[in-house]
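Just dropping this structure here.
Order as written gives the chain letters A, B, C, D and E; numbering starts at 1 within each chain.
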């Protein structure tokens, strides 16, 4: 599998998502340089189509202005261009501000969603420490409890992550993957509720371990995270906000396409003394602003299939494997306790 | 009901509020484009009336200037317009800043309010796991406890959400809906307090389950959320702040209506070389600034009836249904525990 | 009393503080308009005196310039005015930035203070659920415990809120109001400490309920809030910061009074082509900047007597009444438990 | 002592640090005015030396330009001044931004440090409520436990606060002050560790109260705060950040000293039509920017000896006195429990 | 060792990382001055290579323009330079904004990572207070438990910190250092998992202390911190964001290299009246912007080997030493309890 625990650089580092923390561990000479030449998860990969479109439209207007217009029409075009330019040059369109505030909000939600990801680690330790018995009944109990916990997170992730939904298009697929038995599926389906039923396996957990205070507490935390994930998905940043930001950026570049044309240097318009054909600067601006907007797009829903999105399927596997190991294989499996090296 | 658990895209996704997270799961080419063409919950729906008003006033001044004034009056008008324009073009009116700071504050309160919504999920698990007995007495006890919890949130929501208040105009409506018995209503009304009594059913809960430590803790958290919701409603962002922001935006556009008129290009005023009749740019600015203000308006009280407001009534139903299911139907209802697929 | 629980719009809404959340529940056409026409807690009420002062000084300089100066002096005045204007027009004085950062800090402290307000609700539920006995001794115990808790918050509020201090100028007033007995007052005064003794009644509480784990925990949270309130009051935003902000705003307007005078249009100074007598725009700016500063002033200490300050006295009454109701009147007072409407 | 509990305005208010919250309790006419005329903890006190230096250098260049240079040299000077001015007038040096972001970070750390101050209040209540016995053994136990807790905070404060370090230059001074016995000192010194040993008295506490769950929990919180304080001190804001901010502000004023000279008005340089000798405006700017930087300096380490720094020594005294009172004098010392005034 | 507990200034201060808090304890005259002259961890050390590169390229273009070009080519160069300058002078490239927002995000993550560092202090107190027995078995048990906890943090740090990885390139090195026995290593390796196995020693801990509620809770917190550290490392700030910021800063300086050349003063270009050869101002700007970016680079991964990075190896040693001391040497080792000085 992709997630081997023996990454080429440091052990335990994984190649999930796009992690580059290690490469910038030291602030060296030209530290972030190398990050500019990565393709996977890069701004280039995200933007190149939009960039080509922008260039195409710019080119169209450029050719249009230079070759298709009569001198009189050119005059009009120039005045329109100057008018547009007037507005793109100054701080009229509040691109920067709205982007700054918007991306900061989106970023906070993004990290909030990541830290809401339900991990079974605490629960498995509590189960391993409190549900005893090395016999089959004990093993069965511990494994079933952890399976319920994992099932719940699969159910919630299925409704918010496109990746997980593709993997488990129907509940039968979940049964097949071993997260659920057919009995449980029947049980699950027999309960009619108009609302998302991801919490059901957690109630089974609670019923199975009904007098265990400590498990109850950890279970509630686990359930709280599932629930928070559900709510993050449900309550988006208000559509209006996203529309305002998008409108600002898109209209800014719409004006740029006309306003940033190189006008005939001979006509002596202010700041139009040079015809460079390629508007290097405007293209850079495109990268900054459209790139920043893409950051927002990317992190507004981290459960999609972008390079930078959370590798939900691998996390599900990791959680299931790890919780089975902890409550079953490792149960009461201790190395002999001997004096340590520093014993004095 | 509208909230079916089987949404057309992903299971468990609901059509409550205006959720568009799924559509932007991947940061694709022109990712936010499609969001621009939505009507429900959109900036257009929120703004079109204000927009028409603004256009009307602009048009009035435009016609007034062009056709009704004598040349001498036109001269004066032009000078006034230039004076106004002077102030709308530069960063005199701190629209951007105050909007940015204000909307960020409002946004934090908005998310704070959402996460303060009292959900019975933890409580119902604790009740289901700690209040035993499959007989009628046990069921009665568990159901009554959860009913009290739900009743409390209905009472608090009734005083802050217009939607919920419309559904339950009087306490009798709550009785009718099955959240309260007539006895309880009498009991509730017999206690005279000058202050909101939403906490009473929670005291009943506490009395009924009086020695249960674990329930007590969860109950306190639940009560804390009811209380926080109450306080969010009670303590608004200081009126002065809202007035400052509103004044800034409104006066900005009041100046625009005059200052952004296209003056006679023949008179050679600076930046007035083109008569475009339609002030495209000013209209866009209207969208950005007024739109951002609308975001503030929208999220300052998310318990109203806007498209983007929380669907409180459906949440009440969900909570009641789910808590009854958890403590009654699902009580001790477990599928047979069998070895899982991965048993080795 | 002012706090009746039956407000004219929604039940349980109170007329404390200046709450306008309900009015903006829906983002309607011209949604914030109506907020502009409120007087109580408004920017006009807060600012009108400062505004009149500013107008007066402006008028003085205006008359001085127009009627009292010789042409030569007018020339000098005009040059000074242009010099001043130069600095008010551009972003020299960082009014916006320092205000934005400062008000945001103040706002966070303000909400922090509000959420630190010690409410007895959790404590009263724990007391009601854990201290048993329907006889006089039981009632006495429960009532005394809650009285101690309320006494502590009264003592701390007395030292930070001017309103509460006016209500209880001496400790005898507290005794008279029934929060303390004369014995307790003696006891309180017999202990000599150089430091605020608000925590004493909480120690009595702890002594009285000495083996109760659950109460202990809630008590510690309650005490923590009292303490936090004390510290918010004690450790202000560093004076230097407030002075920098105030200096920036005040000096800005000091320059405006001269720099924004309408100079003789005939002299052809740049941007001085129109003599409008009333500097509409400068007055608006005064509203924005001075208004924003007032927001800061208002929320820097929410325990004063402004319209928008917390209604501490009513909160004290509410807390005392509600805690007595919960531990005494409502103790074990339950409606008969009957099957609910949805019983199947 | 300075900290009397009977402050002249409100009881329990102390004159530690520079608290001005009470004076601005109401947002009155010219509310922040009076704050401008305070000396203690003021911007004037912090800045006057820097201010005089700046004035001196400005004066030097002014005299130099006016009296010492030949006309030809003056011409050169004027060109250099215009070049410098060019950069101070526009937003070239990002003074505002970096200051805004930096001070906000510093402010958050500052408040974080304050709330990390280890207060024994919760611990003393738990000790008082759980360690019983009115006899000497009981008293001894309770007092020793609280002494250990206080000792730990003294040890940690000694290593981060210059004030506390001056008070207790050696460990013997701590013994003398009664926080430690000579036996304990020996014990403390007998343990060799390369690292700060502030946690040792807390281990003694833990050993002495070894089976007490509730104390253990509170103790861990107390220890956590000591530890957090230590880490706040250890991990400063990266030096680079502070240097960037300092460089920006200092270089800004270095340019101002030359660039803001009044050039000969007769030479007709743009914006140099008036020779006012005193650059009022630049001096104000000095106040704003240098003042804001001073805010940063002030709050970056609140354990020094500035007017606004925390009064650590008085807090140590307060904590020790209060904890001894709570666990000893007040132990089981209750006023007779009688019916309260509102008993019905 | 470097970490002696007897630092020259204050006891317990360590020379780890670059701490300068003490030097700025008081906001004195020219308070931050001295910080400008430090080399270790300074902006100069971080930037000097980039700075020299920038100067080199600038110099190259300068010589190129002055000596190698024909007058006609010079003309073209001048026009290109003016075009570039146009964009670097105005706020076209949003360097400031993106840097401000980006560094703030990075700073929050940085402090978040620091506070997630797993410290064994709480755990060791709980172990010392709950696992009894002064005999060998007791000592063995307590030491082994703490060893497991430390082992887990070593394993996680090995995969995120380059320093720790260099110290322990293989698991054998960990055995050698006494954190693990060979038996345990075998046990560790015998469990096959595709994912990072840092949690295994914590499961051993849990198995060894299987009925201890209090330890379980502290253990879960400890494990939570290990896990959070892992996730901070795994989920970087999206690459796109970092690329946008880097592109903005780098392209800004690329334009500066041409646009900020001193053009021939005789040609009378606007703002080019002075040939100073050294572009002092541009170099300063380089320091501010590139310095701010370096701050971001520095704190984005604090587990590298920069001067300012966390001294992970010393922390590991400290944790191991301190936890052994607490549970072994100091176990039940109490000074005789005697009356304190203030006993009355």
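Just so we're on the same page, contacts are C-beta pairs under 8 Å (C-beta built on N, C-alpha and C of every residue); 3 or more make two chains touch, one makes a residue touch a chain.
Just so it is clear, the structure is predicted and the values come from calculations on it, not from any experiment.
Enquirer: Counting one step per pair of touching chains, how far is chain E from chain A at the shortest?
Expert: Shortest path length, in steps: 1.
Enquirer: I need the common contact partners of chain B and chain D, sorted by label.
Expert: C
Enquirer: Over half shared or under half: which fits the residue numbers at the contact of copies chain C and chain D, same or different?
Expert: Because under half of the interface numbers appear in both copies, chain D and chain C meet with different residues.
Enquirer: Distance from the CA centroid of chain A to that of chain D, rounded to the nearest Å?
Expert: Roughly 40 Å, centre to centre.
Enquirer: Which whole number of Å gives the spacing of the CA centres of chain B and chain C?
Expert: Using C-alpha averages as centres, the distance is 25 Å.
Enquirer: For chain B, give me the residues that contact two or more of the other chains.
Expert: Residues 46, 91, 97, 100, 104, 294, 298.
Enquirer: In graph terms, with chains as vertices and touches as edges, which category applies: line, ring, star, complete, or other?
Expert: The chain contacts form a single closed ring, each chain touching exactly two others.
Enquirer: Counting contacts the way the document defines them, list the chains around the ring, chain D then chain E and the rest.
Expert: One full turn from chain D through chain E gives D, E, A, B, C.
Enquirer: Where on chain A is chain E touching in the complex?
Expert: Where chain A meets chain E, its residues are 1, 3-5, 10-14, 16-22, 24-27, 29-33, 35-36, 38, 41-43, 46, 89, 91, 96-97, 100, 103-104, 107, 114-115, 119, 121-122, 125-126, 128-130, 132, 214, 218, 271, 273-274, 276, 281, 284-285, 287-289, 291-292, 294-295, 298-299, 308, 310, 317-318, 321-322, 325-326, 329-343.
Enquirer: Please name which positions on chain E make contact with chain A in the complex.
Expert: 46, 49-50, 53, 79-80, 82-83, 86-87, 90-94, 97-98, 100-101, 104-105, 140-141, 143-144, 147, 155-156, 158-160, 162, 165, 177-178, 181, 183-184, 186-187, 191, 193-200, 202-204, 206-211, 213, 216, 219-220, 223-224, 227-228, 230-231, 233-236, 238-244, 246-248, 250-251, 255, 293-294, 297-298, 300-301, 303-306, 309, 324
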